[in-house]
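What follows is a pair of complexes built around subunit A, which joins subunit B in one and subunit C in the other.
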Partner chain A sequence: MKIAVCIKQVPDSETRIKMSGPTTELDQTGFTRVLNPYDAYAVEEAVKIKEAGGDVEIVAVTIGPETVKETLKKDCLAVGCDRALLIDDPALQGADEAAIATVLAAVLQKDSFDLILCGIKSIDDDSGQVGIMVAEKLGLPHVSTITHLELGDGTLTAHREIEGGKEIVTASLPALLTCQKGLNEPRLPSLPNIMKANMKPIETMTCADLGLEVPAAKTKIKMYHPPAARGACKLVENDDPAAAARELARLLNEEAKVI
Partner chain B sequence: MADQKNPTGGEFLLRETAPQDVFTPEDFSENQRMFAQTVEDFVIRTIEPVREELEYKGNTMLGKDLLKKAAEMGLLMADIPEAYGGMGSDKATIMLISEKMAESGSFAVTHGAQSGIGTLPIVYFGTEEQKKHYLPRLATADLLTCYALTEPGSGSDALAAATTAKLTDDGKHYVLNGTKQYISNAGYAEMVILFAKIDGDKFTGFIVDLGAEGVTIGAEEKKMGFKGSSTCAITLEDVKVPVENLLGEVGKGHRIAFNILNVGRFKLGASTVGGCKLVLKHTVPYTKQRHQFGQPLCNFGLIRRKIAEVTAHTFVAESMVYRTAGLLDDAIATLDKSAADFDYQSIQKVEDFSIECSMIKVFATEAMALAAEEGVQMLGGYGYCQEYPLERYYRDERVNRIFEGTNEINRMIIPGMIMKKAMTGELPFLQAAQAVAQELTGLPSFSEPGEPEFMEEEGKLIANMKKVVLAVLGLAAQKFGQDLKNQQEVLADCADIIMQTYACESGWLRTLKKSAADGGDSALAMADMLTLYVHEAMDKVGILARNVLAATVEGDELRTYVAGLRRLAKHDPVNRAKLHDAIAARIIDAECYTLK
Partner chain C sequence: MPNIAVFIEQRDGKFKKVAWQMLSEAKRITAASGGEVWALCLGADASGEAARYGADKVFNAGGESFATYNSELWSTATAQFCSTHKPEVLLVGSTAMGKDLGPKVAAKLDCACISDAVGLTWADGWTVRRPIYAGKCSIEVEPLTDMAVVGIRPNAFVLEENAAAAAAEAFSPDLSGVDPKAQVQSIEAVGAGDVELTEAEIVVSGGRGIKGPESYELIEKLAAALGAAAGASRAIVDAGWVDYSHQVGQTGKTVGPNLYIACGISGAIQHLAGMSSSKCIVAINKDANAPIFKAADYGIVGDLFQIVPPLTEEVIKLRG
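Here is the complex of A and B:
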């Protein structure tokens, strides 16, 4: 069995984004970069399938600059992926979801994967589109937001979260799944496995290597806006609760203008 | 004297070191950075959820399970050679792991007892059979260990141990009797590296099964800090230990004890550097949020000074720690790795740097003491409450200056080892001291003042500090002769001068290396800290040296020396307030220790 895991390197969620006003590009110098947390569920699920036995190969696939190799090594290869494919093409800078999905589909098509696992979304762009688009482009069945997975003979059963309950879905393989929190508990790499990851191959390629014309983005980010600065907190002090409530209502109405 | 490439311990005083020859944290490899990240993640994932239970409820038994979890991540493998189930990591990696482990609080002590002092005696002094038998299981935490040197009657004076060992008539066992005290991890350890005197006089190491008949583990000590680490006494009553469990050679236990302490010292240096960084991480954001007099605390000059002082000490300590790691790794790299006694030879290389190991232990633990002290102060009332971790750091930090050799004992080692190396001719210290004495008591020479280069002024001060060391320690050695070892105040002051010199030079070399690699602008933060630190250190050195001189000579001789010293220690004052402000500004912006 061959499993592909599509991953993305994203800024750490604790990254402090510095911007004084609206801007078209973020200053990324101080960013620490990590594996997109949802992709960690995808990696872990693939590794669990491999550990359950059988002849399983796991390939981590990603698009990004050279620096993504650190994430590929530490968070994919060192936790159990067998090899990695990195599409490093400067022409893809500013690529949107549709363009990324086109490139991923092209890479994935080169090989015959039985299962493709993605995170439901990446925590930086937060769009949740790429995995599903890839499935569409490859003509594969997909199940999104999965929290449980069982593989059968050429089939799969997945649980997906829906409002107020869960849906149990079956599909045939090959298929693409997007993984949600709750699916598993991603492991950390151990120190010796980090060392061993040095030996595992990371193959780097460009769109041209794939015989692919660089896909044009269908959308473009025009501007980033910093959130409005939070004003000082106002404390309504009054020993009489009724008077305090009145004052609070007045402030919400007249000053904050929210009621 | 050693060749140019391979300096020996203490030699930094007598030679110039090229910046590109020192190891710095900027030189960490990708693997090392990944290891560091993994330890940080381990702490968040495994320690954080049990923090309350461990640190504030004092559940020391958690250590056992946590060791198993650490073992799964390979965190007990770094010190163990590959042939025995470990990773055989270099010292820089081992120190980086210790640094990152600091955030695990009490577990850092637990981890050190298992993977460091409880394991290393076998790595370095064990027979092939002993290594094969124990090390793989120690790496996986299938066997839990500890280290017992201290006794009720012998702490600093460890060789005065009263525990005895007697060979049985059939020659198959030693029978051990005695009590060990303050043993980390003793609450659950299954074996112990223990020292006893054969026939009451031959101090020797043993591997003792704690399940053996006659072993009693005492109650947990009620400690000031590190409340989640197990510390108990071990009592041995006619405990039979098979002769195969003798460690090293009969009567050579001191070799094991002192060398293991040495390794413990450089690891503690690294872990307290980690502690200093934690202080900044947990105080600086608070000083930005908390307003008084209509301003955030971090706007006040006195708060900025605290942030700057803690940061500069952290930077210097960190530079010393990793420079020392590089010295050890370079020395070990000269050995034949395939030699059967490679591990034993490598501990001898470490031993050669016992001066440096003692210096980083004392310097970094005292930097951490300063950080904890100022950290509590910056938090005001919250610094005194358990809601913030500073209260805990303040208590935990205290023992760092007591164990792994008290800071007093380590201060005695620093000049003591230098004199020992001087006497055996290993370091041409006395010759160099004589030359400086002539310069000091002779007529002053005047050099042309020019436009100083980057860090040139600081470089001159550091060169002068070395001369001060040579002058005062050389003079003390000459005046006191054999009695120098009894002049503890003179020795301690000399130790401080030597330590400040190493501290300043380590930071200075690192700053130069950084600016050479990435341009002067990239090293501006380092340069600010170093300028601040070196000038303060030179003031301290001046006072310490005057005290040594006054305790050593008198009358005209004293006056001549003091005049010479004044020339060496002379430096224009720097605008400290401005430097404090610039250093603090970077830290306040980043909300943690940073060199950017």
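Here is the complex of A and C:
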């Protein structure tokens, strides 16, 4: 069985965005970059499948700059992926979701994967599009937002999170899944495994190497805005907590008019 | 003159409120710019409601294929609709179904796809406003293709009744070539009867300040009194006190209700990321220096165990 895991390197969730007003470019200096947290569930699930036995190869696939190699080593190869493919092409810097999906589909098409795992969304652009688009481009079924997975013989059963419950979905392999929190508990790499990961191959390529033209963008970011400023917090002060609670309810009702 | 198609989401004949919010906004846009609002409903007849919120035409498709949601069948039908009628934009709710459907339809049509939008303006082309980095900043995006699929966050647009005499039109997609390889076998309710977080107009959340799983009940009671959804910080989800489906934040749900009440939550950047676009934020925390107060409009510095119960009582009184 061959599994591909699509991973993205993203700014850490602690990242603060520095901007004093609207701007056409985001200042990304000083950002710490890590594995997209949702992709960690995808990596972990692949490794669990491998550990369950059988002949399984896991390939981590990513589009990004040279610096993604650190994430590939530490968070993918050191926790159980066998090798990695890095599409490092300056022309893809700032590429939109559709372009990323087109390139990923082209890479994945070169091999025959039984299972492709993605995260539900990346925590920087917050799109949640790439996985589903890749599946469509490859003509594969997908199940999005999964919190549970069982593999059968050429089939899978997954739980998909929906409002107020879950769908139990079956699909035939090959298939693409997008992984949600709850699916598993991603492990941390051990120091010896990080050392060993240095021996695992990372193959780097460009669009030209893939025989692919750089896909044209379908969307364009015109402007970045800081979040709307909020006024100062109005503190309700009263030594009697119950009286303070009543005053708060009154303010929410009469002043803010939200209850 | 933009024609706007709106995907009317339903499960078991129950329509999603976000569909009416999208119709309301679409109507506001076409009232100013011309063009029509088209409601597309798979699996139910939405004619009555869709007309009430401003649809000019309603396209209902029925039949076995639309009895339960299926990504392959529903996206094929929706893409066929768009290819035939060529709306300038297709709006889908940013819900479990819409987030699954939208990108698939866009990939089929090879057109722009913009997720989780909170603003949409037309001036000889679309400008879509959406938060990124979980709300730490927002962007204005422009689609570069003739058609665009745009996901709309629940509660981003205000409901407005705008009765139109919508014409019901036939729509019978050709699904003969589709043999779905993924299929929903069943649906299990989890915490049935709860108000869904992402759609709620009021959210009451609890954090580590509630001390233990048994006191989450305090949060749920206040939520029930307000007709609100109950949320949580990651700290109490990871501690196993409540299910992950309650988590608000960068790696949880993003909410933008009219009122968000944070009880015993410190206000870590990852939590703020999921709720800072709420219209009114209330913080109840015993630490006056907790960062949550910087994000809040109203606050009480104090012990939530002494504040939440009387607040709940007062709310019950007010709401009678």
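Methods note: the second predicted complex is superposed on the first by the 235 of 259 C-alpha atoms of A that agree within 3 Å, B and C clash if a C-alpha of one lies under 4 Å from a C-alpha of the other, contacts with A are read in each partner's own complex, and residues count from 1 in each chain.
We adopt the following convention: a residue touches a chain if its C-beta (ideal position, glycine included) is under 8 Å from a C-beta of that chain, and two chains touch if they have at least 3 such contacts.
Here the structure is a predicted model, which means the values were calculated and not measured.
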| item | value |
| --- | --- |
| Partner chain(s) touched by A:2 [first = subunit B, second = subunit C, both, neither] | neither |
| Contacts of A:137 with subunit B and subunit C, given as first, second, both or neither | second |
| Touching partner for A:192 - first (subunit B), second (subunit C), both, neither | first |
| Contacts of A:17 with subunit B and subunit C, given as first, second, both or neither | second |
| Touching partner for A:200 - first (subunit B), second (subunit C), both, neither | neither |
| First (subunit B), second (subunit C), both or neither touched by A:233 | second |
| Touching partner for A:83 - first (subunit B), second (subunit C), both, neither | neither |
| Which of subunit B and subunit C A:48 touches, first, second, both or neither | neither |
| Superposed model, subunit A: greater residue contact from subunit B or subunit C | C |
| Footprint overlap on subunit A, where subunit B in one structure and subunit C in the other make contact | 16 |
| Footprint of subunit A on subunit B - complex, ascending | 30-31, 34-35, 37-38, 41-42, 45, 72-75, 77-78, 87, 590-591, 596 |
| Complex contacts: residues of subunit C adjacent to subunit A | 69, 71-72, 75, 95-97, 99-100, 102-104, 106-108, 110-116, 127, 129-145, 148, 180-192, 194, 196, 198-199, 202, 226, 244-245, 247, 250-252, 254, 258-259, 269-270, 273, 276-277, 279-283, 293-303, 306-311, 314-315, 318-319 |
| Touching residues (chain side subunit A, partner subunit B) in the complex | 16, 30, 70, 73-74, 78, 188-195, 198 |
| Residues of subunit A that touch subunit C when the two form their complex | 11, 13-17, 19, 26, 37-38, 97-98, 101, 123-130, 132-133, 135-137, 140-145, 157, 160-172, 175, 181-182, 216-227, 230-231, 233-237, 241-242, 244-246, 248-253, 256, 258-259 |
